[in-house]
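The same chain A turns up in both complexes below, where it pairs with chain B and then with chain C.
Let's turn to the complex of A and B:
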């Protein structure tokens, strides 16, 4: 516990340093302190995952009345590991990034507070401690979204969306905890003991309320609307933290409360979770393919991945309740490994997006291109990240999605029909989003980094500072290691996934470099796969050289016989996604406007032609707009009371006083 | 218990309420300010009478403070505002004078109905007078709502404060000096600020009537 507490302390000191140090000496010491704190948390979490012993800590200080209770078990440690892993990168990245913007007192201090809460939330072991860190996390991230608002005016509206959604979510979580805690006591162990005695209905209500809050934080459709606004608006290291660590906290909450505190409950709970997952995976994947803003694309792909994780968590819950504990364990391991892998590649991708924005001044894919020449390191990071998220074998996304798929495929033998349907839907969603993700990320790499520059900004781009590159490489490198030798994490993963459940000794993963399921059929060895791949590629290359002894001729690709080629003639992100947008027009509902201005003299000649194509979030437009409009109408109605007459205001007050006197 | 003490107490407390009702009746701003002075003096008499009976020196000091601030300083300040325009009158109140008096009667009845529940907690000669304080508060608030002239509004506000002071004197046998000092000086400050505001208001719009300021909102 000592090391973990030291990590929290270091983050707190970093926050203080960010708030107190003078501007010139603020960024580097603060960021390094934060990185040190994250490293300490990383080590502490690893130690707990290796030994499997939970550590606890309680102090009467910090919080009034109840004090602060922390307890780190392997499940919590897994999420601490995830946060700290990205946290280190975000802090290092900050050294180079903060010089222009984000160096203000508030931003630096809030960044470190955000980091602190991300490391602390999975360890909170009482309702008060949990809600304290949870709300602090929401508050600090809200302020960080606003940190760059002078450059991104849309950050204001994004912050309002995020603030409202996270506030409603927190209220819902608190209500759910209240239902469970009705019998008294507020520590998680009290709650766990009481929930066994609750009626199934009350437990179901509590779970739904809590699920609502956590799912909105995780960005599950239809509670995701804040996410594609907030993640792009926030400064890049913050987006990286939000997307890889904060969103994972929602998943953590669902696992912790559903499996641990409420003991699994009924199958339908997990059916709901899985359906949320399926909806998120498909919806996120679809929108990612049509987004042209790099960070918006990444944000939607986060929704997609969270959907996959929720499918795994839901399937694990449903299978566990249907008597297939061993398969459930595999699905849960898949979900947890995906959380960690996602943190690695999505963190790296967001940091790379920040680097691209820094270097070119834009995030619009239709204005980028050709960055592979000017920003080789960033391009490499993006290519590896894109490969991971597409689950290219030997990269980290592959191992985790493989485990997830194994869990689902072996679940077809479940006795209960709802479980089989959930599993079936999960497999279909996994397959379909795999394809959608591939489109989205081929687009990201192909349009954004290959080809020729589409704008002066992209043409003048140069590689970003050392610290930013180091941060991206740290995440990418660790991701590659996880992908190549997933066996390293097997023991830790096993412990984390088994938390809160009776351990089923018969199945799991054999120790080794690859993943070998024991008790079920299935094994992969990514390192051997990579070896084979390299051998095959070398062979093909050599044979190709032998067979084709032709002179290489260099010409412009797709020249079509024209003399002058301009970058505007290239394929764009919008045109790349256009066929898919057409196929899914019923879901995406794209809107296109063509505005033609004619020359005054003749209607046969056009002076200018404007075309606009946009894809709005259907859930937001159909689900949230009517509610917002209704609230605004009520608000405008209330303005009728406020007509500026001081007599009326005073009379209302007087009337209220009289009513209180008479009624009381 | 001496009958003089009770008699003086009842007389003074009654005078506080009576002067409050009188402010509703009179239209001339100068007359309204005189009523306020009367009320301030009556309030200090309540405090001093209680202090002499209970041998509390702190309460005696409070009484003196009330006399200085509410009996002398505030009325003097308001009189100075009123003298800038000697013929200034509360010409068209939102509720006319006879109706106001009927309302005041109703408010006094209401405060007795409500106040008996408070006095029932610790019935004594002194606490039985507490509804008078409540009635003064309500009458003051009523004045604040229905009168248009700025000075009338200030007076209404002070009536509310005096009513609260009367209630605290009667129910708690006097508040600590420091509390009363804070409250009184607050009110004095409010009057000074409002005086300043009124001067600039008159300077800008040549009127004291708040209704005509309505166009300024938004």
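Let's turn to the complex of A and C:
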């Protein structure tokens, strides 16, 4: 516990340093202190995952009334590991990235507070401590979204969406905890003991309320609307933390409360979780393919991955209740491994998006291109990140998706029909999002980094500073190791997934370097597969050089008879995704406007032609807009009460008093 | 080194060699069948192999604005296909790394190859490359899920998604072959195979018509040895998919014993089975017209629905 507390302390010191140091000497020391704090947390979490012993800490000094209770078990440690892993990179990145808004006193302090809460939330072991860190996490990230608002005016609207959604979620979580804590006591161990005595209905209501809050933080459809606004609007290191660590906190909450505090409950809870997952995976995957803003694409793909994780968590819960404990364990391990792998590659991709924005001044894929020539390191990071999320065998996304699929496949043996249906939907969603993700990320790499520059900004780009490159390489490298030798993590993963459940003797994974299911038929060896790929590629490369014995000659690309081809003739991100957008037009509801201005002399000739194509979030437009409009209408109506007449105000005050007296 | 190891090594080597030569031969055979049924003599069956040989000796040309990706993409296409061929149950159920020959590995190896081809197309920065990449990825995004789900349907009965496991289980239970779930999955797989190998009605491999070409548009900028690599990769992919269809549904003849004779028999049976699949696909090609690009999703969605139905049927019959 000492090391973990030291980590929290270091983050707090970093926050103080950010708030107190003078502008010129602020960024580097603060960021390095934060990185040190995260490294300490990483080590502490790893130690707990290796030994499997939970540690606890209580002090009455920090929070009033109840004091602060912390307890770190393997499940919590897994999520601390995830946060700290990205946190290190975000801090190192900050050294080269922080300027203007983000380098201000408030922003630097809030960044470190945000880090602190990300590391602290999975350890909180009482309702008060949990809600304290949870709300601090929401507030600090809210302020960070606004850090760059002078350059990103859309940040204001994003912050309002985020603020409202996150506080509704927090209220819902608090209500849920109140239902469970009705019998008195507020520490998690009290709640766990009381929940066994609760009626199934009360437990179900409590779980639904808490699920609502956590699912909105995790960005599950239809509670996701804030995510594709807030994540892109935040400065890139903050986006990286939000997308890979903060989203994971929502998943953590669902697992902690559902499996640990409420002991699993009924099958329908997990059916709901899985359905949220299926909806998120498909909806996020589809929108990622049509997004042209780099960070918006990444944000939607986060929703997609969260969906897969929730499918795993839901399947694990449902299968656990259907008597397939060992299969449930595999699904849970898949979900947890995906959380960690996603933190690595999505963190790296968001940092790379920031690097691209810094170098070119835009995040619009339709204006990028050709960055592989000027930004080779960033391009490599993006290629590996895209490969991981596309689940290219041997990269980190693959091992986790494989585990997840194994959990689902063997879950077909479940006896309960709802469980089998959920598992089937999970497999279908996993398969479909695999294809959609490939389109989205081939588009990101191919349009953004290959080909020719589509704007002057992209043509003049140059590689970003050392610290930013180091941060991206750290996340990418660690991700590659996780993908190649997932066996290293198996023991830790096993402990984390078993938290809150009785251990099943038949479960699990044997491990050399790859993954081998014990008791079920299935195995993968990513390192050996990579070996095979490398051997073939080297052989082919050598033969290619030897057989030809000639240097490569550069020629013009074939232009259909044209002498010169301009970068404008290339496919753009919009045109690349157009066929798929057309296929899924019923879901995406794309809107296209064509405006034709005719020449004055004859309407058979056009003077100018404007075409606009946009894809809006259907859930937002159809689900949220009417509610918001309704509330605004009521608000405007209420304005009529306020006509400036003091008599009316006095009468209203009197009426209100009467109502209160009568009701009370 | 144990005998099992050497048997596995031999099986892997044979599979790679057989598919490397067999893939182009199957392509040649299909064009021959098409030519004959149209009343032409057609090129000899070995023509694709001769083309490859000719291309290898040519000069290496790269487009002016291309990066390293253009040179790397054909290598990745070939490598991902070769690894998939090496570990799949084609000639034998026990080649090297066959314990890793999970359906997810094979599907995502194929997807890696498609992604590499698309990136190679986008790298040159021309309209054609982008067009081909966009269309190919759209089709891949709809076809590969169907492939995955169709094999999942097979894995319900055999309780594993490991391909050699599925093949061995089918050998042990011949009565599974005519089950409704299997037939539905076979239908889905055939659609996937036609889409993935770019045959009519999805794509026409023998045309370079700008408005309709899909796969050829991506490889337009390749020349000489790189074109040979990409073409060989695609031919091997065709060989792999045909062999998988054959072996997952009619696994008989595949080598399960540790003997050289069984390997020889395995090669012969594989050649026979894939020839039948190729003849079938060629007949479909002869008898159908190429679909418009925006009608394709209907066909592919049909394939996906078939595969999901196969899973549902499998679950009901369980």
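By our rule, the second predicted complex is superposed on the first by the 624 of 664 C-alpha atoms of A that agree within 3 Å, B and C clash if a C-alpha of one lies under 4 Å from a C-alpha of the other, contacts with A are read in each partner's own complex, and residues count from 1 in each chain.
In the analysis below, a residue touches a chain if its C-beta (ideal position, glycine included) is under 8 Å from a C-beta of that chain, and two chains touch if they have at least 3 such contacts.
As the structure is a computational prediction, the values presented were derived from the model and not from experiment.
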Using the touch definition from the top, say if A:533 reaches chain B (first), chain C (second), both or neither. second
See if chain A has more residues touched by chain B or by chain C, and give me that chain. C
Quick one: is A:569 in contact with chain B, with chain C, with both, or with neither? Answer first, second, both or neither. second
Have a look at where A:24 lands relative to chain B and chain C in the superposition and call it first, second, both or neither. neither
Which partner chains sit in contact with A:639 here, chain B, chain C, both or neither? Use first/second/both/neither. neither
Check the residue A:514 against both partner chains and state whether it touches chain B (first), chain C (second), both, or neither. second
With the two complexes superposed on chain A, say which partner A:647 touches: chain B (first), chain C (second), both, or neither. first
According to the stated criteria, A:657 is in contact with first (chain B), second (chain C), both, or neither; which is it? first
Residue numbers on chain C that touch chain A, as the complex places them: 56-69, 71, 75-76, 78-80, 82-83, 86-87, 97, 99-100, 102, 104-105, 107-109, 111-112, 114-115, 118-119, 121-131, 133-135, 137-138, 140-146, 148-149, 152, 155-156, 159-162, 165, 210, 220-221, 224-226, 229, 293-294, 297, 304, 308, 311-312, 315, 318
In the complex with chain A, residue positions of chain B that touch it: 94, 110-111, 114, 138, 141-142, 144-146, 148, 210-211, 213-214, 216-218
Chain A contacts chain C in the complex at 289, 369-370, 372-373, 387, 390-393, 398, 401-402, 405-406, 409-410, 412-413, 420, 424, 427-428, 430-432, 434-436, 438-439, 441-443, 445-447, 450-452, 514, 516, 520-525, 528-529, 532-533, 536-537, 540-541, 544, 547-548, 550-560, 565, 567, 569-571, 575-580, 582-583
Complex interface listing, chain A residues touching chain B: 643-647, 650-651, 653-654, 657-658, 661-662, 664
